[in-house]
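Letters A, B, C, D, E and F name the chains as they come in the text, with residue numbers starting at 1 for each one.
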Amino acid sequence: MKLSARNQLQGTIVGVQKGQTTGHVRIDIGGGVIVTASITNEAIDELALQVGDAAVAIIKASDVMVAR
Amino acid sequence: MKLSARNQLQGTIVGVQKGQTTGHVRIDIGGGVIVTASITNEAIDELALQVGDAAVAIIKASDVMVAR
Amino acid sequence: MKLSARNQLQGTIVGVQKGQTTGHVRIDIGGGVIVTASITNEAIDELALQVGDAAVAIIKASDVMVAR
Amino acid sequence: MKLSARNQLQGTIVGVQKGQTTGHVRIDIGGGVIVTASITNEAIDELALQVGDAAVAIIKASDVMVAR
Amino acid sequence: MKLSARNQLQGTIVGVQKGQTTGHVRIDIGGGVIVTASITNEAIDELALQVGDAAVAIIKASDVMVAR
Amino acid sequence: MKLSARNQLQGTIVGVQKGQTTGHVRIDIGGGVIVTASITNEAIDELALQVGDAAVAIIKASDVMVAR
């Protein structure tokens, strides 16, 4: 499957925290940078996301702001 | 100014392309990773974004998906 | 590749319109429903999206509102 | 009220799950397709969303990605 | 129609600029505050948005960041 | 720091509610308008957001819809 999303950052999961409906997954994309994703608990379970897994953070270009 | 956004990726601008209303800014965040932001032309002008400038890609955690 | 996005609607592309930086892709997901995606021209080219192609509209649950 | 959002998918609510601040609403839009919306508990209460209600899933075109 | 979106800011349109596929609509919500919406040209046409019209800027709570 | 986001609404925090992973912050931007932001608990803690604090609601133009 190929995705239109311009930003597909490969890394390793370093944290998975589930809430009641929404959880947070932290992905180390290298160079000391951690990306945090807020996704449904359901997705965490379905993809069986666990610390140590390889994973990709996917971000649509229209969701990226720029600061200077 | 401190921002709630969990993802603030520092880098260097490597591309600025303006369209009629919306433009694309490409930021090299290191490790061979380029992040693309789709923002208004107005913002590109106001921040005077140019290739070579230091810049930060800002992404809210709720806008990050995870793929495996 | 498995994606965390809760909404993955399968269909057929019925329209592709490129602008200067951003384009619109229309996907017929059946039952008379057309979903419109606003994505970068770059993605349209990279995925070689064309009318008649099978495609999937991907939407994160946090981007869906509810009306009544 | 008319909305600019390109995607307004009519259906029937088949699930409502509240968390502590954020809940999930599942809408059957026909053809075996369920759309999941992650919205505030407050909105679930204010709209009195319940299983069996007619509802519309509203999605902005810029929040739709395309996969192939 | 009632919408789940937490933020529905009433105002008056003070600018409409169409691009090739995406346009910008500026809404004065009072107190000297202008909100800019980036929406499809198609939506601008369909809603016949014009300077001077009353309009509402609709924003989902999960799309709002906080700065301090 | 200057941000590309077109919408930066200054106000005062009138509510902070934390959930298990995600919280809601309510900002009074004047004229009787309250903006609700759904952000991570982590961000609420890191920015030490409290009722009475001055704060800014930041919204990207591509996340604003228009209703009429």
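Here is the rule we use: contacts are C-beta pairs under 8 Å (C-beta built on N, C-alpha and C of every residue); 3 or more make two chains touch, one makes a residue touch a chain.
As the structure is a computational prediction, the values presented were derived from the model and not from experiment.
*Asks:* With one step meaning two chains touch, work out the least steps from subunit A to subunit E.
*Replies:* 2
*Asks:* Superimpose the Cα trace of subunit A on the Cα trace of subunit D, which carries the same sequence, then give the rotation angle to the nearest 5°.
*Replies:* That pair's rotation angle lands at 120 degrees.
*Asks:* Just grab the chain with the largest centre-to-centre distance to subunit D, centres being mean Cα coordinates.
*Replies:* So the farthest one, by centre of C-alpha atoms, is B.
*Asks:* Among the chains here, which has the CA centroid at the largest distance from subunit C's centroid?
*Replies:* Chain centre farthest from subunit C's centre: F.
*Asks:* Could you classify the subunit B-subunit C contact as same or different, where same means more than half of all interface residue numbers appear on both copies?
*Replies:* Counting which numbers both chains contribute, under half are shared, so the two copies meet through different residues.
*Asks:* Report the inter-centroid distance (CA atoms only) between subunit A and subunit C in whole Å.
*Replies:* The mean C-alpha positions of subunit A and subunit C differ by 21 Å.
*Asks:* Nearest whole angstrom, what separates the Cα centre of subunit C from the Cα centre of subunit E?
*Replies:* That pair's centroid distance is 23 Å.
*Asks:* Multi-chain contacts in subunit D: which residues touch at least two other chains?
*Replies:* In subunit D, residues 1-6, 19-20, 22, 24, 36-40, 42-43, 47, 56, 58, 60-63, 65-68 touch at least two other chains, as defined above.
*Asks:* Show me, using the given definition of touch, all chain pairs that touch one another.
*Replies:* Pairwise, the chains that meet the contact rule are A-B, A-C, A-D, A-F, B-C, B-E, B-F, C-D, C-E, D-E, D-F, E-F.
*Asks:* Hey, which residues of subunit A end up touching subunit F in the complex?
*Replies:* Spelled out, the residues of subunit A in touch with subunit F are 17-20, 22-24, 36, 38, 62-63, 65-68.
*Asks:* Inside the complex, what are the residues of subunit A that reach subunit C?
*Replies:* It is residues 1-6, 37-40, 42-44, 46-47, 56, 58, 60-62 of subunit A that touch subunit C.
*Asks:* Give the list of subunit A residues in touch with subunit D in this complex.
*Replies:* Listed in rising order, the residues are 1-5, 19-22, 40, 42, 60, 62.
*Asks:* Can you name the residues of subunit F that touch subunit E in the complex?
*Replies:* Result: residues 3, 5-9, 24-25, 27, 29-31, 33, 35-39, 43, 47, 49, 53-68 of subunit F touch subunit E.
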